[in-house]
Structure formats: C-alpha cells, structure tokens
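Please go over the structures that come below.
Shared chain: chain A. Partners: chain B in the first complex, chain C in the second.
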Partner chain A sequence: MYSTLPARSSASLTSMVAIEARRFARHPLFLLGVVIALALEAWVFFADGVTVSEDTTHAIDMLSHPIIPAFFIGLTSLVVAARLTRSTEVSAEAMGTAPGTEAQRTLAVAGACLVPFVAGVAWLAELFILLQIRGVHPYELWFGTMNDLHVWSILVALGPVACLGGAVLGVLVGRWLRFPGAPAVAVVVVAIGTMVGSLPYSYTDQGHLRVWVPWAMWHTGTMSDGEAWEGVPGYAQAVLTGNPATYLLYALALCALAVAGAVWHDRTARTARLRLVCWGLVALVVALYLTTAFTGIEEMIVSRPIPPLEG
Partner chain B sequence: MRDTGWYLRRAVPWSPVLGAVGLVVALIAAAHRWEEVEGLALTLAALVTVAAAALVYDDAAVAVTAVTPRARWAQWARLAAGVAVLALGGAVLLTGAGHTDRSDWALAVAALGGATLLVALVGRQRQVPRPGTPVASGVVLLGLAPLVVGLFLELGSPYPAPGLTDAAATRWGVVAAVVWIALAVRLDGRWLGGSPGLGRGLGRGLGRGLGLGRLRGVR
Partner chain C sequence: MNVELTAVDKSYGGTQALRGVDLTLGTGITGLLGPNGAGKTTLLRVVATSIAADRGEVRLLGRDPHAGHAELTRVRRSLGYLPQELGYPSDMTTFGFLEYVAVLKEWNERRARRHEVRRVLDLVGLAEQSGKRIAKLSGGQRRRVGLAQALLGNPRLLVLDEPTTGLDPAQRATLRRTLSVVAHESTVLLSTHQTEDVAALCERVVVLADGEVRFDGTVVDLVATAVGQVWLADHEVPGAVMTWRTGTGRHRVVGGPHPPGAEPAEPTLEDAYLLMLGPSAASLPA
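Take a look at the complex of A and B:
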C-alpha cells in the first residue's frame, strides 16, 4: 500500500517529493533495472577486454558502456515514472482526493526522478572502481587520448542524465497519454526514434546533425573483427563529430522541457510565467542543438588499432 | 456467437489494440526504408504485437465480472481476441515489404504471445483491473534486453537474424507448446479437478513474482 499525503493545500512540495522518491526507489521494476545494470556492467567489463599479452588484459570501449544504464535504468524509470504519475490521478478521479494541485503532484514525481539519476551516478562510480582493477588500453579513446571534458560529458550525458531523462519522459507520458499501454509505446518510440533519427547518417558528412536525438551515439566501439567499417580501420575505434560538452547541456535542457511540458498539463498552472519558461526552454534547446552540431569535434577522432594477442 | 461478438466489441479496448497494430505497420515500414535499423525494428514489431495482445484481458470492472456466471466463457472469448491480435500483427510482420526472410518470426511471436497472454490472464484472474499495461511494458523491456546485452557479449540472439538456428527454433517451440498448454489449463479449471488447483497455484506464484498484486488499481 502506497502512502500519500492527506488532501490539504498546505502539503509541502518537499514532503511530496520525499514520498514520491521513496515510492520510486522501492518500485520492483526500478530495483530490478538497477540490479541488472550494475551486474551487467561488471560482467561486460571483465568479459569484453582485449588481451595484449599472456598476463595483460585491458578494458576497451568504455564510452560505449553508458547504453547499459540508459536502457536498464533509464527506460525502466520511464515506465515507473509514468505509473507513479498516473497512480495519484486514479484516486483523484475517483474520489477527488489527492495531495496538492496537479502541478504540485507533477513536480513531486519529477523531483523523485533524481532517484534514477543517483542510480546512474552509482553506475558511473562502479565503472571507475572496476577501472582500478583493470585499466584501459593505452590507445583507448579515453582520458589522455582525447579532451577530458568531452570524455566526462559523454559519460554523464549518456549515463546518469539519460537515466534522469527516461524518468522525466515517463512523467510527461503519464501526464499526457492515458490510453492503455502508453508507457510501452513510449519505450518503443524512444528506441526506434533514437536509432532511425541518427544511425542512417551518423557516418556521412551530415553526421554532426544526428545530435538532436535524446541519446546520441558518440563512440563506435572497436572494430574487433579486424574489418574496416564506415571509415574506421580494423581494430580501431572512433568518436563521432559534434560537441559533447554542449550535448550534456542539451540533454539537461530536454529534461527541463519535459518537466515543464508535464506541468503544462494542469490548466490552472498555465501562467504567463510558465509560458515564458516553456518558450525559453524551447529556445535554449534549439540553441544548444545548433551549438552541439556545429562546434566541438570537427572530424571523427580515430584511435590507433587495438589488436588482440594472436592465438 | 452474436453474444460473443457483442461482448468482445465492448469488453476489449480495441482503440489502443488497433493503434498498436498501426505501430507495427510503421515499424515494418521503417525496417524497409532504413536497412541499418531492420533488426531493431523487426524485434520491436514482434514485441508490440505481443504487447497489444496483452491488453485484451484489461477489464476495469473485473471485481464484478469475475463473479458473474459468464466469467469463464468470457475469458475464452478474450483469448480468441488475443489470438486474433497476434495473427493480425504477425501477418503484418511476416508479409510486409523487407530485405530478409521473416518466416521464423512466426514461432517467436507464437511463443512470446502465449507467454504474454498467460501472464495477463493470471493478472486478470487475480482481479487486477488492467493487467495489460504493466505486462505490455514488461514484455517490451524484457524483449529488448537481449539486443543491448548482445552489443557487448556474444551470447547469440534469441531472435531470427534473419533465421533461427535449429537450437533456437527448438527452444522457441518448447516455450510455445508449454505456454499454450498452460493457457488452456489455466482457462479451464475442470482439467485440474476443481479449484484451487495446480494451475491456480502456479498463477498465483507468477502474479506475485511480477508484482501484479501491487499494481492493482493503477492504470
């Protein structure tokens, strides 16, 4: 049985956020996603290294790993957040009793989306702990072989911020889409939209335009079969064009826009101030997209080949 | 027969179900247009088909309908609707334009569809008003997980890529046979020698494992 505040206008937003955060953190689907993400990261880390001598194995493709938390924490959080958002509305529709206004309840669930963000940070911490056990290959595109700010930006944008983004998108879905199966449809649209919206032209001259998607691919992964692919030589890896630092800001701006869009659902909250905030965020998103697409890494960064030990 | 048609027209949420079939059509079109995403799009098309079938057991007034004399008859009718949804989505998946042979997807859809209908039925028999929505989300997330894992680990895809290996086909076939038999047993308690029986006990365990009881009353 979930706990809720009584129907009082004085119910503070902070208390509501705390309650929603507890509900989020205890949700079985969310917990399952976090456990799988952390376990899979450890498994992949030790199974996917490159052995360069009889007693030396290096970790590789670290900048590809954020897809693990993005999927297992971010997309499960989308479903959880949508359910939490809808859950208080069931009682509100049935009995007219629910804590605070709809906008307050929306902000409370949005505040609780910090829970998956923290889970994403925990994944990042696990990654760096694992790297203390097994270091990256010297040729890996990582700290030291490319801009440190870009490495941090890719890791944070595609990891913890993607977890946050999935959750706030769930709040938006829960607020606006009421048909049965809406969270599942949202997961499908996000998955196919992200791939169709970027993959077909990521390696062309227009590749820098791909960064409009909420989870853009930056790292190609190592061509471990030894075959060249899309301009990346065999056994090499590459980071695609665009500005990872402003992409991080772009992803955060999309999160803020999703929250504003969810609050906008409450007609009583549609003040001139909220309208200004929404338009301001739209302008910010467009500006950050253009900055990301047309600045930063101008040519694909290709690593030196990382061949495995023969035999 | 007329009663069954009348019942199904009103009992099943056809708008989201047919909307999902429309999404399957869009995914097949995407697979045809962009070869780079064909594997993902076909997998999603199969999962959406299966997820749509789960919605046939949604029933907002389940607490009332579960104790009416027509309950068992109505559940068989809903199963028929679920099979029709699987057949429709599967037909779109198998016959839509594409780059590869997709015949092996029929087995995967049959197995996944049976399992999904079984879980949704268990949820409904536990008087969860709308089991379809959590089951649909679960099947999409679980179904996509092997693609993500497969990016890093060479475990072999469970899905046709484009065809199934003999071992994979056998696994899907066994799963399909088990879940469809379980569905029939679950729907007809007489086979179990009255209630509560093996099928109901199994169902309770499945329902608890998926947390369906906790989701009761939540859309």
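Take a look at the complex of A and C:
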C-alpha cells in the first residue's frame, strides 16, 4: 500500500551512536566508576597476594575480580544509560516531529553502551598487565588448571559484558520506568537480586539455579581462614557448576533482549519483524539458560589448598 | 498549497479543542491569534504532525501524514517545529543539541551537518554561544536555540508556537528579519499573543476562538473590520468591548456605541482582534 522509504536510517544511527557515545564517555558518574574500578583493581591485586618466600608473592582469586568492574562500571553505567535515554524526553515534542524515531534514539544510546564495554575490556587489560608483575599461584583455578575457554568466558562475561549489561539495562529502565529515581531503584534491585538469588544455591546440589541472576557467581574465592565452608576445604577455592561458555552467550542474549525491549517502547517500531526478533531472543535466552545450567562443569571444581608453598 | 486542512476536529476527553477547522496555506507567513484555550497550540500540533486530528482531512506538503509511516516521514523531512515549551538535555551544549537534532533530521554527513548547525546558529545570533551549555543560557537565548533547531535544513513548512516569548525587542526584530527571509520559499505558521509581531511580520492572519476560525484574511482586512469602531474619549465609556486609559491621559474605546464627544481613532490590529473576539475579550488576561 505504501512505498518504502529510502534507507537513510542506518547512516543516521551511526551518527547518533557517535554523539551518544561521546556523551556517555564524558559523563562524570561513568568516569568516576571507571577510575574507582581501575584503582581498586590495582589495590586489591597487590593486597590479596599470597607470599610464598621472601621475594615471591603470588596473585590469587583471579576469577573473583570481575566483580570490581561489574559493580563500579556496570552499575554506574546503568544509571548513566538511563539518564541519557531519558534526557532527550524534555525535547520530545520537537524531536518527535523529526524523521528520526524514538526507536532510533533508543538504539543510539544502546550503541553507546559499547563505551562501558570498552571500559570493561580496559579493566581486563589492566588485570593482565598486573599479572606480568606478579604471577598467579600455581594452585589457582586459572589458565593451565582450567579449560581456557571457561576461564575466558568467566572473565569476559562477568567483566566487560557485565559492564555492557548494566548499561543496556539502564536503557531499558530509562524507556519503561518513568518515576523519579528509577535507575537507583534498579541498581538496588540488581544488587539485592544477585545476592539473594545466587548465594543460597551456590554451594548446593541446585547450584545450577543460580545462573539466572543478573550477575552469576562462578568462583568462591579462597577460604583464607583455614576452615572448611560449604564443602570447600580451608585455603581452597572452587569453581561452581554450569557452563561458563554458554553463560557468556546467555549474558549477551539478555543484552540483546533488553535492547529489543527498550525499542518496543516506541509504538511505531512494533512491527511484525520486531515481534519476531523479540520472541526469537526470548527463545534463545531460555535455550542458553538451560544449556548453561545443565551442561559444562557438572560438579564444583575445588582447588588444591592455597597456603604458602613449602620451601 | 503546503497546508490544507478540511473540517478538522480534535478533542481531549470531553473538551473540543478544534471544531471543523478549514485552512489552506501557501508560502509566506501566517499569524495565528486567539485567546488562551482557543485551540492555537492544538492546531499547530496537528500541522506539525505532533498529534493526529480526530476527524477531517489533513494534507501537508501535498501528502497525507495519516497515510502511513512512510508518508509521515516524508512530510517530516521538510518540517520544522518549535513547540510552546521546549526543554533541553542538561548536559548538552548549544552546538551539541543542534547537531543531535540535525542527525534526527537526517543530516548524516558530518561536515555538511556541522556547516548547517553553524548556519542556523548564525541565523538566530547564537554563534558566540555555540560551546555553552544550554542550561547556562538566558531564557531568550534558549528560545532562540529552539528556533534554530526548527530552522535546520531550511524546512518548507515551519510551525512556531509563540516564538517571541522571552525575547527582548531587539531579538524580536532579529527574529522578524530571519523569518521574513525564510518565508520567501517556505510556509510559516506562527502563533503569538503579540499583535504587533503579526502586524509587522505576517501578510495573513487567522483568528481562532473556541476551536473555530473566526477570521482568515490579510492583516489589512482584519484592521479594516475595526474602522469606525475605535475612539479616543476624555473619560471611561461604559458598554465598550474594551476601554483603557492611554499614556496621554485619554481613554481608548474599542467597540460599543459611539461615545458622545469622542473623536474617531485609527484602528490597530489589536483593536480589530479585540472586536473580533467580542464581549469575551473583556475577560482576556492582560
């Protein structure tokens, strides 16, 4: 019935993403989160080592470290992305009569969420630079003791992808939750949901149930008090059950679903194609969740005790 | 014709904002006058494609904006709109905001886009303020940022809701000059409470009251309707549509019976506008 429009939207979108990415990268809250994450990583890295001889100290608990960028970059990015998404609403009446749609504006902020992802990658690079200074303890559950794909998956999913996920969740919150303070409420819900939803199952036979939470724990850290806890011997650490590789894909699929959900807010964008994309992503998320929960590491991998090595 | 409205109705709940509005506009500037609540903003929103009419036919730039997303987008590519109230993202500079809107208006090539933003900044006299955050600009400057975003891309249809609000006399004069240039090739529809702006700028005026068009014609024709109905009297005259004491100490009397001893006065557009509204004009806010 109607002729289609010339394809100008992709060029517009690229330009809008560039503008929103600059706004994201200059946001004081985001910058504060990045600075804290990078500084804290260095501090924790050197504070947590295990000294094995006068001149040798080994780094430990490497798989627990992604909580630093996830918390300080991911959660601040949630707030920043929500604010960026909402910020143009004050001009909505004028912008709404331009050819560019709300869906494009949403996609532009979603595209700008690559900025916190890059910040997460920078954190990962910092971690590897620090490891050049202080090596990893030989008994650490890390490269060489674990499947490399699993290690990379845990580091990337819980670090850079968590930063991306926090930001994308912010876009979703910015589009759908209109009450004042919605981003702050979302931060609290994510943090509490992660703890309440994950911890009770982590060391049990139902450990696979924990992976649905916004940021799933994969690593227990070292039980440094020497006492056994929840089946993990003193001075040992454990990697929890599930499939880290598909968890990475699951987290990315959740990000894509959040973007689609935010775009869905624009009534003019609710086409049959978008509906198909949404349902496809829901199916993918469910499939990846089930794969993550029921394949991969079948039982907790417990490390050898990590006290100072005997001379 | 760039704007063709036929029997357009629009309601909000139980309130009828527009009743059977017929309007046809070609190039040039048309002023929209009317009291608060007359339906001016609603009419402008319909023409700006911000809202859809409930009934009636709307054709803009030769297209039906209700005929699907593609047609609507084609209309919007040639449309500039300054709403009555326009907010701005708190972190954006003047240049950044205009660049953002320019992208929404499909100025995709960076160099051309930036050139266009600089052009409209020059046009509204804000070139010096381009790097400033909009939040730090004065009310009049913010209004001009709003005007600048509407002017991006030389739109063929420019819809301005009270563009002179917050502008000082010099800025209003600059705006008039800008719009007079734009109007050579475009249709400009603006609403204002300032009848002197309409007198100075518009070749055509539409008076709206209670959602209906009360007058549609040239400014000269509207003024002519008041000939013989405006006087200068030495004292207040009861029964007039409107009367007030002028700076000379005499009373200007608009409408009503000829006051005894009063001398006829040259009517202004404001006199004609007040007469057009009739007795209800007496209750208008000052």
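By definition in this document, the second predicted complex is superposed on the first by the 289 of 311 C-alpha atoms of A that agree within 3 Å, B and C clash if a C-alpha of one lies under 4 Å from a C-alpha of the other, contacts with A are read in each partner's own complex, and residues count from 1 in each chain.
Just so we're on the same page, a residue touches a chain if its C-beta (ideal position, glycine included) is under 8 Å from a C-beta of that chain, and two chains touch if they have at least 3 such contacts.
The structure displayed is predicted, hence computed values, not measured ones.
**Q** Taking the superposition on A as described, I'd like to know which of chain B and chain C A:292 touches: first, second, both or neither.
**A** So A:292 meets neither chain B nor chain C here.
**Q** Go through the superposed model and pick first if A:87 touches only chain B, second if only chain C, both, or neither.
**A** In the superposition, A:87 contacts both chain B and chain C.
**Q** Taking the superposition on A as described, I'd like to know which of chain B and chain C A:47 touches: first, second, both or neither.
**A** In the superposed model, A:47 contacts chain B only, not chain C.
**Q** Given the touch rule stated above, what does A:179 touch, chain B (first), chain C (second), both, or neither?
**A** A:179 sits against chain B, while chain C stays out of touch.
**Q** Of the two partners chain B and chain C, indicate the one touching more residues belonging to chain A.
**A** Looking at chain B versus chain C, the one contacting more residues of chain A is B.
**Q** Check the residue A:100 against both partner chains and state whether it touches chain B (first), chain C (second), both, or neither.
**A** second
**Q** Examine A:75 and indicate which partner it touches, taking first as chain B and second as chain C; both and neither are also allowed.
**A** Touch partner of A:75: chain B, not chain C.
**Q** Contacts for A:241 in the overlay, against chain B (first) and chain C (second): which applies, first, second, both or neither?
**A** neither
**Q** Looking at A:12 after the superposition, I want to know if it touches chain B, chain C, both of them or none. Which is it: first, second, both, neither?
**A** second
**Q** Name the residues of chain A shared by its contacts with chain B and its contacts with chain C.
**A** 87, 90
**Q** Give the list of chain B residues in touch with chain A in this complex.
**A** 13, 15-16, 19-20, 23, 27, 30, 34, 36-37, 40-41, 44, 47-48, 51-52, 54-55, 58, 130, 132-134, 136-141, 144-145, 148-149, 151-153, 211, 214-215, 217-219
**Q** Spell out the residues on chain A that touch chain B in their complex, using ranges where they run on.
**A** Within the complex, chain A touches chain B at residues 28-29, 33, 36, 40, 43-44, 47-48, 61, 64-65, 67-68, 71-72, 75-76, 79, 83, 86-87, 89-90, 178-185, 187-188, 191-192, 195-196, 199-200, 221.
**Q** For a test of understanding, state which residues of chain C touch chain A in their complex under the given definition.
**A** Spelled out, the residues of chain C in touch with chain A are 48-50, 67-71, 73-74, 76-77, 79, 81-83, 85-92, 96-97, 99-101, 103-106, 108, 110, 113, 146, 149-150.
**Q** What part of chain A is in contact with chain C in the complex they form?
**A** Chain A reaches chain C through residues 1-5, 8, 11-12, 14-16, 19, 23, 26-27, 87-88, 90-91, 93-100, 104-105, 268.
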